[in-house]
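Below, each structure is written out as structure tokens.
Each of the next two complexes has chain A plus one more chain, namely chain B in the first and chain C in the second.
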Partner chain A sequence: MKKILLYLSAFALAAAGLSSCADDYDEYDNSYLLDNDETMTLTASATTLELKEDTPADEPVLTFTWTDARQMPDDYIISYIAELDLAVNEFTTSVRETLNEGDYSISYTTEQLQNLIIDTWGQSNSVASTLSFRVIAKWEGGSKYAMPEVRTVDIDVRPYRPLVFDADNVYLEGSSVTGTTSQRISTTVEDENIYASYLQLAAGELVIRLEYNDVSQYIAPEEGQTTDFQDGEAVPARVLAPVEVEGSDKAEVPVEAKWSIPQDGKYRVVVDLEEKTLTMYSESHPINEEFTVTWYPNDDHEKYEEITTTLSGDRVIYLRGDSGGWKKEGKAITIVQSLADPMIFVYSGDAFNGRTDFALVNFSEAEFNDYNKPSDGVNNSYEIGPALDPDAWDGDGQDKDGNGSIGNGAVVTLGSWSKNQFRHGSGTWYEDKEGNIVDENTEGAKKIDPKGSYWQVPSGTNYVTFDFRNLLIKFESR
Partner chain B sequence: MKIMKNKILLCTLAVVLPFLSGCSDYLDKRPDDQLDVETAFENSGNLERWLAYIYDGIPACYADSNWDMIADDMSTPPDWFSVGNSVSLYVRGSWTPSDPQIINFWTDLSKRIRQAYVFLENAHPLEDVTAKDIESMKAECRFFIAYYHSLLVMTYGAVPIIDKAAPSTQDEDTFLKQRPFYEVVDWCANELLDVAEDLPIHYANQADDYGRATSLWALAIRARLLTFAASPLVNGNPDLSGMVNCDGEQIFSEKYDPARWRVAAEANKLLIDTAEENGYAIYEAEDVNGEPDPYMSLLEVMMLRENQGNTEIIIPHTKDGVNTAAWFDSMAAPRSLANHGNIGVTQNLVDAFFMNNGLVPITGYTSTGAPIINEESGYSEEGFSTAAWEVDTRYFYNDPDGKEGDTKNVITTQGTYMMYCGREPRFYVSVLYNDAYHWGLTYHDNNTGTPKEYTDFYFNGDDGRPHADYPGFGYLVKKKVAPDYAGSSSTGEYAHRHGIVYRLAEAYLSYAECLYEQSMAEGTFGENENEIYKYLNKIRERAGIPQYGVDGFAKPAPESLRDLIHRERRVELCCESGIRWNDLRRWKEAEDVLDGPFFGMNLMAEKKDKEDYYKRVDLQDRKFISYWWPVPQDDIDRNPNLRQLPGW
Partner chain C sequence: MCLVLPLALALSCGEKEVPDDGAGTSWGSNIPEGNAELTIKSDIKKKLRNPLSGWVVYVPMIDDVDEFWEKYENFPSSEGTVNVFDYGHVIYLRGSWTDFNPEEGVYIWDDGIDEVKYPLARSLRLFEEGAKERGLTLAFTLKVDSRDANAFCTPDFVKEKMDAKYGSNAGGRLVTKDGKTVHTPGKGYFNFTLGSAGNERQYWSPYPDDPVFQEEYAKFINALAREYNDPAVTEFISGLGMGKWGEYHTCVYSTNDETPREAVFEWVTDVYANAFTKVPVVTNYHKFAGCIISEGLAENEPERCALTEKLMSSAISKGFSMRHDAFGMTSGNFGYAGWEKKFISQWRFQIPVLGEGGWIVTNGDYTTDDAGGYKTPHDLRQGEYDAMASAYVNMMDLRYDATYTRGETWSWFNDAYDLVEDFLEEGCYKVYPDRVTVPTKVTNGRTYTVQHRWLNKGRAYCPTNIKQYQGRYKVAFALLNTSSGKVVGDNVFYDEKALPHEWTLDSGRKQYEFDVTPDGIAPGNYCWAVGIVDTFTSDPEAGEYNIGIELAAQGDFAEDGWLMLEKVAVVD
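Moving on to the complex of A and B:
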């Protein structure tokens, strides 16, 4: 088909040339003007080519070479025109270069070809494109039109897929993953760029596959890093493409992307796409400890037994204040535990605003509605409220009530972290500047009335991140 | 390029037009013969039709020649073999890959998968279809691509992954290769999990959109698939080690991976938790006194729609509306009522139901097929009941004097064969046996002056042989059949029921099974025991039989629990959505259960010889060919990359 097109094309050119000089056509021996004695040959350095992203920018990967065109009288000056185009476009969108006599080759680098195929011609980087290259030897000068010599060659070029440290989906694979060949893991509740899972793995190889725009790539350590298990270390990582198996249409996981799992057990695997790191934690790593608070109802150490509450899984807490209502039960909301860090929880739901604190309740689900004022008068809640900054007690606005609380609400800025504290839900006590509970007569002691302290939450807030590891909180509108 | 487009056009017309002709609602929108992919997606009507075509591949719940008929649940009469009935031919092993298919997934679902890809590639917002609607429809397409792959891989074992809309079937098949079983399974499972996040739990306009795929659909199909994939048939089955694809890759893993059970248990738990958080629950009806009524619960869970309060349905088959259900009623109701009366259940199923005291009546069979009776259970095959058995229930369809609003109703009348006495409620709402009082017959015959009619399956009886329509093994199916069907139509609210592709009870039973298997493999039965019994007992509680470990009813030894979990599933989910067929295969029990003599009652006995009728006789000799359905021979011939499944 292509040959026919070429012949037709050559014929068209010839016809155009003939018609322009039809009057003189029979008067001279002009056989040299025609193509009977064409001599030019054209070769390509490859008929198929797969571009590799890591090829040096200036390294030619595709070279077209041709030989002399036929000899012409001295009054003819030869030049060569090289054109490259998508084969289907038949040189209507070609890039063109005029070369001088003596130039018998032209080369293209990976970058040039990649840009042409993807940017200039808008082709996909997931399939090979057939390119046509032609060289035209043409003459100027002389008294008659000289038939150019044209040679064309086709070549299949597969562009590379740029490796991007990004993913639409993340999968754990390899011999350490049991029960499935491919375990999809989720983004964390607090950050869509972090994928994490806490799962049982077997001793063996762990492969982390990123699927991005339907293309698979694998996480490997940066040069100089290791795939050995490093408990809790955030390993700088890069992505690698699958390695094609020669003589087959299959691709394999690059050996550099096979991480080592030393022994059977539970592991927390955290992939941070923004930081480009992989962090793995063994079950015994401290990060796997969950947040625990202990307190005595009414702060009465003698009358009541110590209460211990561990925050785990999806947890109901209570929103109180302008936001959740001033009724004692406030409004129940659910906070969801992060897969990357069990001490991070996220609320995502209806927007709220105004003075706000949160209450953690040691319930007995049946009693939760009464948590703030149970029948025996015992307060068994624990408050999550703004940190009382001892340095700011004197007049910078945080301690407006002058009694150790922030009754008007600590102002928070959406999207930035604020300090929080866990406090007893009722009763008052005295603290020194280091936050130690002290006798009221101690010098510098300040009365703390925690349940009267709130954040002043801006309207539109519908997303709250609780970082109990660092006692921070972040309000956002998403 | 133009040639390719024409191929798409032809392909599109080929699949769309038959669908259009089958849906009268859409006939006024029939596209002209200029329809091609581009124009098809420029019109909201065409868009909906395209989507509806994809939906139309969901296996029918009411049918007389599908996978529910080829296990040991339901059956057509055995001697229909002589007239070439496909079910009879298949169960007797007279079947080749060239025969017309009872299960036609290979050809049918592959087309629908490709059409789903065409939708994904071409659908775009229109004046009357928002971008959000399109995204939702695309999520539905993605669900169906994964769902249909799951059906394919569970049915054929060795299947390709179809990952694009092929320009033509022939071109595509040239390249398709079967992929390893677990590669397909895990690909589907991940796709389903992924798309569950994009599908809604409920549609905003539930009245119009009920029946469209939801996130629970995806989680349910995923749970079902992963349960299958953890099971003995495919998890370390040495019998399948020789099956390789055209590249020599092993299709099935020889190595047993107990963690497959863990993954399956987690998938089922995820479904249960998500469903329950969103208001789904086991359906439970109450009797007149406000107490649980297992008979009405078990009847209505199959009869009521979601908008009638049935919160158990996860995947409804809404196309199974009043017409298909009424057709099924007519096929299953006694012949003297409905002119058909030929869809029955097997003796195997009758034997499987528990006693009302929660015990197993028959523990096995001798080499001659005689039942080994559990004497403790109180089960007997000797004689007839001497009194009616009345219980607290609103279920009045078995009571000759029953009527709506009664506090108590008779379940078995005096003179009932003892085999059918003292059985659990599920038995009575699933099986129609001989000499049973039948409300529909009575209603029907009241007009002819013969009230209080009983079934007559005897030879020369109104509903029995020698007529060609008769209860094949001495039983008709009651499950899924409206009890108030009376000849030409249902008389009540049960007429408008949907088919049920998946209900929450399956998730409970699958979860109990997977957690049990995981625990036995890991040695953690003690830790998980309460959780296993919790879900198993939820099913037994609704069924109205004693729960294990409750009120003195003994828990079995851990190693005996597997059989009881299987039995619970067998009777709870009988006659539903091919579940038994797939269970027998995945448990690797089909080669025993579906091969050899099938017994039933002596249908050659006349009414005057009543006792002769109630004898077990060998009615059918079955032959089981293969655990996998064959790839159609046409496809094997056309595509040299395909390999036939073992046994064919």
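Moving on to the complex of A and C:
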């Protein structure tokens, strides 16, 4: 306490010395406070500094060095304290370090400075911040208060913008992109973290540029991976910053980010920001096959001709059941094909709910009018409905666990892929426990009727993803 | 360490330079002929395990002690995973008298006790074993009052004795209704109800002035001392067990007033002080110690506060150290405020102070119910830290929370890691010799002069003056064998004039000279070393000298903790 009072007194006296009351203190000898022959000097290794993300973690990039403070008698014990803060905060939010005896410098690494500026002091990484560093030499003990020596220096530090595997926009560039220097690709309908395109490329180099917060970065394979074309392989990837060209303001695409396109042709390019992968498919890759079924209305091979249905592009299908108002023609909705996988389609639109199955083709389409007359007794459409575990199924397309009785439908969990694959077809058929189509007289055979089995869709559902490759479906409320 | 030692000795002993750090010795050029002068620098960064210094690891008598060790040795912090025991070496066990003495004559530390019947015996054993394995010490506080516990804190056999003695007069009643407490006195103990309407639970607590209680409590404290008055095991005992939260306020006496206050305090402090002669005993300082109230302004209670000063002074004279458990609570009514600050300032550097924060961070009420203006957990921690710094505390507390992922310990390490480090670097005492002169050539049986100068770079003082430590820690110079790193024979020389408790930030450096007479040493090269020896746990006859206070010095240390100084040749 004594020291603090003296410290305050010192400033009070100094202030008094400037006032009209100076005479009152003429006899007070405060020379030991003010004429103290300070000796400490402080230097910084730089006055401006631009942090680089690729600097080794333990490499000091900024060092402050000082010299001894003045000598004091033996009954004084000296300590040196270093503080660093944003200049505008004036050491109210500083990080503080008491130095060990004999230590006359303190260094900071890129990581330390970056974390302080961004995380501790909440500054932007797009502008330089002015930091203040000060070193205080203070004494304890002694018969009189010893004025600390304080040295301060400011330095402008520009943080780096960390490379992150993220993008506001994704562009395809390089010699393999023809007709334009940069082609922007879009997110897929099913996942905003996946960018994809199915396009014509020429043999050459393909560069994938991610634009994020107005900064460009490039996709390169992870260490140990290759830029060679690997048909259908999801290649673990990273992002790289442009490489500065020495002696120029320009920057180049890193060589590690130039992917090889072996020959002219159509390619499907898929960038998954969440999984941090790049997948490229040639035109001949099986993924490009579309969902195609051949079928007979009512599965009646004698009465009807075989029909081939392929799902492609933007496609109209039909809600049926509660959601379709129990009309034979159902309610038309449009599903959109994914750019990343042509067997994935997405519905996004008005909400629907209640018991629902889907007709990929329905009787109201003109070409089928001949064979779906009311006299047929059935709706001769091609349906998809929930596939149910035969052990939990009563044979009429109802889920016993989902309340069991006919018409209640399979319980849907919003946001999750269906537990079981869905069924699709026309008419009815019989399956054994393993899902093989069998004769109806086979022991244990279960009757399958996709038209008669429903998903019990919760209200608010306005987004559905159909995965025809894996026969899975996901309902969501977005 | 052991294998490296000879090499370290060979490299470091006798090769020190004497840099000019500007702090010349006052012995100036008056250095004995043949002595080498050495300068030693301080090291405030090294984490030291010193008596009554550092963070106290506060834990109740939990069942899953193994989980406690595992969690605390891998504790999340803002700086990554840490081992809490690198920061605090004292396990402060908080329990009740009943926990430790569940039946008459049964103590949970008894050898061969049935751990199934008395599961806390297993907990205590695991705490003791774990502490020993890790080089930690234990501390205890054992309360007797059930009002804040939801448990019977005084054993039933005590009540049975009271019932037998007082018959129908046994048991008063304490009733709290509409915010008012009414006490109808009885004999021996008072009954009271805890819990809300429809969920009431009946408890009792003893009157501190009751003779049956006093007789049985004294038996218990003496039994505890027979087991734990051992400086190798126990860091301190925190009394006095009575009052709410064991903090010795809001007491209820059989007289229904404070008539017995002074007599009870003198009795119980005698019991503790007489029982624990080798281990520090601690009691709470606050203006209402032993009072029947817990809140109020000091200026409105001059007589109570005057008696408190008298009682505290009496306790200190008996050898008590001080603690306070409401640091950070700034209220003049119930917190750490003017009276407490003024009181402890009178005892600065005379007795050690142990600090405990008052608020519980997870409750959040520190933001609304304290005038300190705390807004964040770091604000609270800073408030506690500053208040404890103003009391020059020797120890701060890391309070336990069963979740391990919130509460005080978690908060200190995650909201205020900087303060955790600051306390170790600046708050705790940091003693070391900065200048030493020692003879470099000696002959057996001849006397030489050693000069040495010491200081303390920490805020707290080194409490070697307290009653239980008197004669325990001694500054010593020793001759070490360069190959074994062990003391040669009994060539350990104590300078009885060098008293670590006299080294404070205010006092600057203290210098000493004393004579040493090496003897019984075969000719050859040896090493001078310095240390502060714990003479209570050392066994000179077996050649064992335990360093009791680690030095905050840069340099090379022998495995046993001696700071190696200078090569010395022993000649015929």
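Worth pointing out:
The rule we apply is simple: the second predicted complex is superposed on the first by the 290 of 478 C-alpha atoms of A that agree within 3 Å, B and C clash if a C-alpha of one lies under 4 Å from a C-alpha of the other, contacts with A are read in each partner's own complex, and residues count from 1 in each chain.
Just so it is clear, a contact is a pair of C-beta atoms (placed from the backbone, for glycine too) under 8 Å apart; a residue touches a chain by one contact, two chains touch by 3 or more.
This is a predicted model, so every value here is computed, not measured.
Looking at the shared chain after the overlay, A:G142 reaches chain C, while chain B stays out of its contact range. In the superposition on chain A, A:P286 makes contact with neither chain B nor chain C.
In the superposition on chain A, A:S182 makes contact with chain B only, not with chain C.
Of the two partner chains placed by the overlay, only chain C lies in contact with A:Q71; chain B stays clear of it.
Contacts of A:G102 after superposition on the shared chain: chain C is touched, whereas chain B is not.
When both complexes are overlaid on chain A, the residue A:G224 reaches neither chain B nor chain C.
More residues of chain A are touched by C (comparison of chain B with chain C). Chain A has no residue lying at the interface with chain B in one structure and with chain C in the other.
Across the complex, chain A is touched by residues 182-183, 186-187, 189-190, 193-194, 226, 230, 257-264 of chain B. Residues 169, 171, 178-184, 200, 202 of chain A are the ones that touch chain B when the two sit in their complex. Residue ranges of chain C in contact with chain A, taken from their complex: 22-26, 41-45, 345, 418, 422, 425-426, 453, 455, 457, 504-509, 554. If you check the complex, the residues on chain A that touch chain C are 1, 68, 71, 73-77, 79, 95-96, 98, 100-102, 140-142.
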